[in-house]
Amino acid sequence: MQLGMIGLGRMGGNMVIRLIRAGHECLVYDSHAAAVEALVAKGAQGTTRLEDFVAKLTKPRLVWLMVPAAVVDPVIGSLVPLLEPGDTIVDGGNSYYHDDIRRAGELRAKGLHYVDVGVSGGVWGLERGYCHMIGGEDEVVRRLDPIFRSLAPGVEAAARTPGASGEPEPAELGYLHCGPNGAGHFVKMVHNGIEYGLMAAYAEGLNIIHNANVGSRSQVDDAETTPLRHPEHYKYNIDVARVAEVWRRGSVVASWLLDLAASALRKSPDLDNFAGRVSDSGEGRWTVQAAVEEGVPAPVISAALFARFTSRGASDYADRLLSALRFEFGGHVEKPKAEQ
Amino acid sequence: MQLGMIGLGRMGGNMVIRLIRAGHECLVYDSHAAAVEALVAKGAQGTTRLEDFVAKLTKPRLVWLMVPAAVVDPVIGSLVPLLEPGDTIVDGGNSYYHDDIRRAGELRAKGLHYVDVGVSGGVWGLERGYCHMIGGEDEVVRRLDPIFRSLAPGVEAAARTPGASGEPEPAELGYLHCGPNGAGHFVKMVHNGIEYGLMAAYAEGLNIIHNANVGSRSQVDDAETTPLRHPEHYKYNIDVARVAEVWRRGSVVASWLLDLAASALRKSPDLDNFAGRVSDSGEGRWTVQAAVEEGVPAPVISAALFARFTSRGASDYADRLLSALRFEFGGHVEKPKAEQ
Amino acid sequence: MQLGMIGLGRMGGNMVIRLIRAGHECLVYDSHAAAVEALVAKGAQGTTRLEDFVAKLTKPRLVWLMVPAAVVDPVIGSLVPLLEPGDTIVDGGNSYYHDDIRRAGELRAKGLHYVDVGVSGGVWGLERGYCHMIGGEDEVVRRLDPIFRSLAPGVEAAARTPGASGEPEPAELGYLHCGPNGAGHFVKMVHNGIEYGLMAAYAEGLNIIHNANVGSRSQVDDAETTPLRHPEHYKYNIDVARVAEVWRRGSVVASWLLDLAASALRKSPDLDNFAGRVSDSGEGRWTVQAAVEEGVPAPVISAALFARFTSRGASDYADRLLSALRFEFGGHVEKPKAEQ
Amino acid sequence: MQLGMIGLGRMGGNMVIRLIRAGHECLVYDSHAAAVEALVAKGAQGTTRLEDFVAKLTKPRLVWLMVPAAVVDPVIGSLVPLLEPGDTIVDGGNSYYHDDIRRAGELRAKGLHYVDVGVSGGVWGLERGYCHMIGGEDEVVRRLDPIFRSLAPGVEAAARTPGASGEPEPAELGYLHCGPNGAGHFVKMVHNGIEYGLMAAYAEGLNIIHNANVGSRSQVDDAETTPLRHPEHYKYNIDVARVAEVWRRGSVVASWLLDLAASALRKSPDLDNFAGRVSDSGEGRWTVQAAVEEGVPAPVISAALFARFTSRGASDYADRLLSALRFEFGGHVEKPKAEQ
């Protein structure tokens, strides 16, 4: 099947390669000639001119965007005048699903189709396959099935769930039509919100293990420090990297994220190549906001999100106010950093 | 290698079978004759008399306990008079690691060895293998290596971590000597704390997806209800079971717990065979308490733990106080249940 | 000063009485004749016809709305055709500040002024005075000063902050011009978010005291229940109502909310006149969403908000999933309600 | 009434002065002569020799300790040989209530009485009075009533709770016999846990207001930063100090802690005299641990506690792991500090 890809970064480029390997015909467009050439070398056709790109696509056209969320609207704005009724735009980036609902409406008025696809898989997707969460009209999504099927990992990537038999359904291959427009990115949004929670659970737990030796450290003894009542319970020097490794097999907490944690800790057990300023790229925020609007609790996911904010210094003013209050009511003076 | 097993429930029984399959010699003891007979039928030797059990074990004896945490001390109390210096007791249950430190000291004074082992794997371990987190003296743990090796899943249970090569170390097989006594159950405790966090992350996220249709429900319109500003953003009826399934392949949130969620949701998409009163069996509590004593934050794990408490009605008094306060300052009257 | 009030409920009606007492001229409008008559009896002029109401106001008119957030826009829609350039609309309800920004722009285009005022004080404000947080144009807000001054509690309502001297500034009287449009409701929104956090802190703490006797209750002893290691630490039957009372004088946690808690607990120590289904009326949600958009952590306020959601059953699906997962990996069966 | 005070720091010294003013006879002991002399100048009798101190007290003796929690046991150890059956030791510090239970038992065996008293009031208590939460035997506590009555603020310190009439009971004066030994410090412990939650609620809320201008700051635009969708909603420069001031009168969030916040912010609106490393002195930790042992949720209090831990760098390892994971799955590189 023919597909035109716009955006040839880490994700888009690898997806094209995976599609070519599966026998699909890929046209690629990027304003950077080098990015285009790299994929032409792998078997794609390519261009740095958008008009060319559109002209070369067979009608009804299928254009897949793999660009940062912030530029999806401008790219669609450039594309629309070149497209014709019946063409389809797929947004495979990390758009906010509110934008999908709006865009689908705007494009529908012009006779164009819009499909929102949340894609998970990161830099590993080329070999491992990508997981797709899809929102859009039934028939349009159905037409794209060969693409999804080739990008997805396939049923053999995991044991079948007990009770599943016969011809695997798409969800078992690694893609799911979740509902009308926005549903794909809605599910991807929550996927990432869960990811924040999972990551934070591992990080908290491994931090507790990392600090299992507090009873061996010299204890400060002053009115501003809580004494450790039983230092003898905290005298363990535990190899965190090996703990991550051992949990990968047979334990209840085995996961792909744990595999990655084991990998990171093997490279650098103290993780001192990182400063601990953790970015967030939107989906965690939107997940919390969706929970709030739905009126359902999300204490774990929000705690994970807030920890990222705090890691970047966003609680400094609040923390200073706490110290100020302690000084006001009790005359407590902040301890200098070295003594904490 | 010879091993005597006390406690033939879900865990202990299956571990014996796995050991027998691997060629070890297993003596089993349980006060329930049926439990013993079932394992004798599988190739174990067995008895319902503790004296017999101890007498039949070759010295230095290896006695492995797989009993509820609450009865470990009584069982050790019965065993100790029958054992001799050099014998080893392994506690493979879910003991609090404080008890391990105490017990190891008491047994050491009698010339006995004690090994604490956190075992993960649940009802699946027989086929999948068990993950072991071990605390104890170096030499004693080394002597038990053949047992751990047979119970563990083995390196082939997961792809090797990038950078690992050569003869796999024990952590890659699925067992780890974490440190001196208590270290095994300490790591297992945190393992379960993480498990609480992971489970809660999935539960919160899938609940948000389950409620993605709030905009389609009839909205109550009164001063006690926050109106949904954009019902058009919450009109999705998403198949939660299929979402769990699709994430199993290629996505960042794939895990063994997700596999189980997919399995549970396939059996019962509405989960109406459960009431949602979630038990906790101690390790989550201890993990939070360890974090507090170490002075390290655990907001995700504690949120997960507290959600379980709340699911059992433990916040009722607090909630009633909130309603009472709202009535006091604003004259707000609680809404009847049906209208929420 | 003359003021026209629309909305004569708990808040609006009392505010009118307080203004009349202070010598202001109040016109009131409500579609319910009884509400109007009640205030006429207190010295207001009144009408049930909106045209009348507007006609009787001296130009430039001052119209203050004290209506539910959901009807502010419709009321403004009815008012606008009757008003003239230079007139001012004050929204003293609990509007979302986004709406203030929008409305101010729409009204500005018609030559009308808009002031958003967050009013705190609840049913107690008539005697205690109201706290006002104000957003709008400098000059317009300045013109309303006599109104705010009369509604506010006045400086004598609390000891002056150390360092304050001379003529008290408005913030010391109980009203503050916080910034341009929206700033008033923004600050009120956060005020309510804080209120959620404060209420939850008291509720949690008093719940811990209420349950200080768990060690005296009969303990269930099974694998699904964490045993209480030291029941002797939890044998207190503490009088929660008296605890709330004693903290009111001399302690660090004294507050007006605590006064109300003491009042509620005096009436009903077990609070059994409440079911514990706690409503939320929007500001807590918006506060969390503002925190998320600003990228600053709000773990306490969000935990308080989520506890309210949970009190209304919003975590049921999530809880059932947790039970389902526990069954899947460990064969754990939910305990019946009676045994928890 | 006669009382011997050991420990003449911020709390103990002021309590003695307040007792002397009320006509009580105070003997003071401290190893620092200057501390003793200062109180002798105020009308106390004093000594730097413990034997002297005990000898001068009329039997049955009343010895009140106001020393750091860590030295209570050593001081009691020195005292006990000097005391006689029927004497009473009061611990007015911040002891863990578990220690009270133990100490009371040990002292009871020697015929000595023990009373645990949680005292709130901080550096303000001399003028404002102290709030006392008391644990101990009925008769012993009753005997100390004149002391508690003089230290307490008295009923006039706050309006009486609606429904209270007649002779005020002790709780209305500011002291409460909460139960048997340990109950006093148990209630004080929870009091402080609530205090953590209240402080954090204000700190979070004021931080949200402090950051209400994020839409006016220059926005970084890269894949690692979530764009602010509506910068026009976050263009407020709000005077946080005045906000704290305005809430003090008439609002629902008025409290003594808010008074202190207004005071601190008046001195330093940017709080730049503090670094934001917030100490915790034990009671918050114990409150969370009590909640966990009771099996009741405390998400707000624990979030407040964890924020303090994090303010001191305790989540660094966890944060670095999150960055490491993001690099592993998505190739995300941490942003340098300046760009956040």
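The letters A, B, C and D name the chains in turn, as written, and every chain counts its residues from 1.
Rule of thumb we're sticking to: a residue touches a chain if its C-beta (ideal position, glycine included) is under 8 Å from a C-beta of that chain, and two chains touch if they have at least 3 such contacts.
Going by UniProt, the chains are A, B, C, D = 6-phosphogluconate dehydrogenase (Decarboxylating).
None of these values were measured; they are calculated from a predicted model.
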Would you pick out the chains that touch chain C and also touch chain D?
-> A, B
Maximum centroid distance from chain B, chain identifier (CA atoms) = C
Chain B and chain C have mean C-alpha positions lying a whole-number Å distance apart equal to 43
Compute the distance, rounded to whole Å, between the mean C-alpha positions of chain A and chain C.
-> 37
Could you please state the distance in Å, as a whole number, between where the Cα atoms of chain A are centred and where those of chain B are centred?
-> 28
Listing for chain C: what residues touch at least two other chains?
-> 122, 200, 202, 204, 206-207, 211, 226, 229, 252, 257, 263, 280, 285, 293, 295-299, 303, 306-307, 310, 312, 314-315, 318, 329
In the complex, chain C residues that touch chain A | 252, 280, 285, 288-289, 292-293, 295-299, 302-303, 305-307, 309-310, 312, 314-315, 318, 329
Provide the residue numbers of chain A that touch chain D in the complex, in ascending order.
-> 10, 68-70, 96, 122-124, 199-200, 202-204, 206-207, 210-211, 221, 223-227, 229, 257, 260-261, 263-265, 268, 271-282, 285, 299, 303, 307-308, 310-332, 334-335, 337, 340
Per the touch rule, the chain A residues reaching chain B in their complex are 97-98, 101, 120-122, 125, 128-133, 152-155, 157-159, 161-164, 169-176, 178-180, 182-183, 186-187, 190-198, 200-202, 204-209, 211-212, 214, 226, 228-230, 232-239, 242-243, 245-259, 262-263, 266-267, 287, 290-291, 293-301, 303-304, 306-307
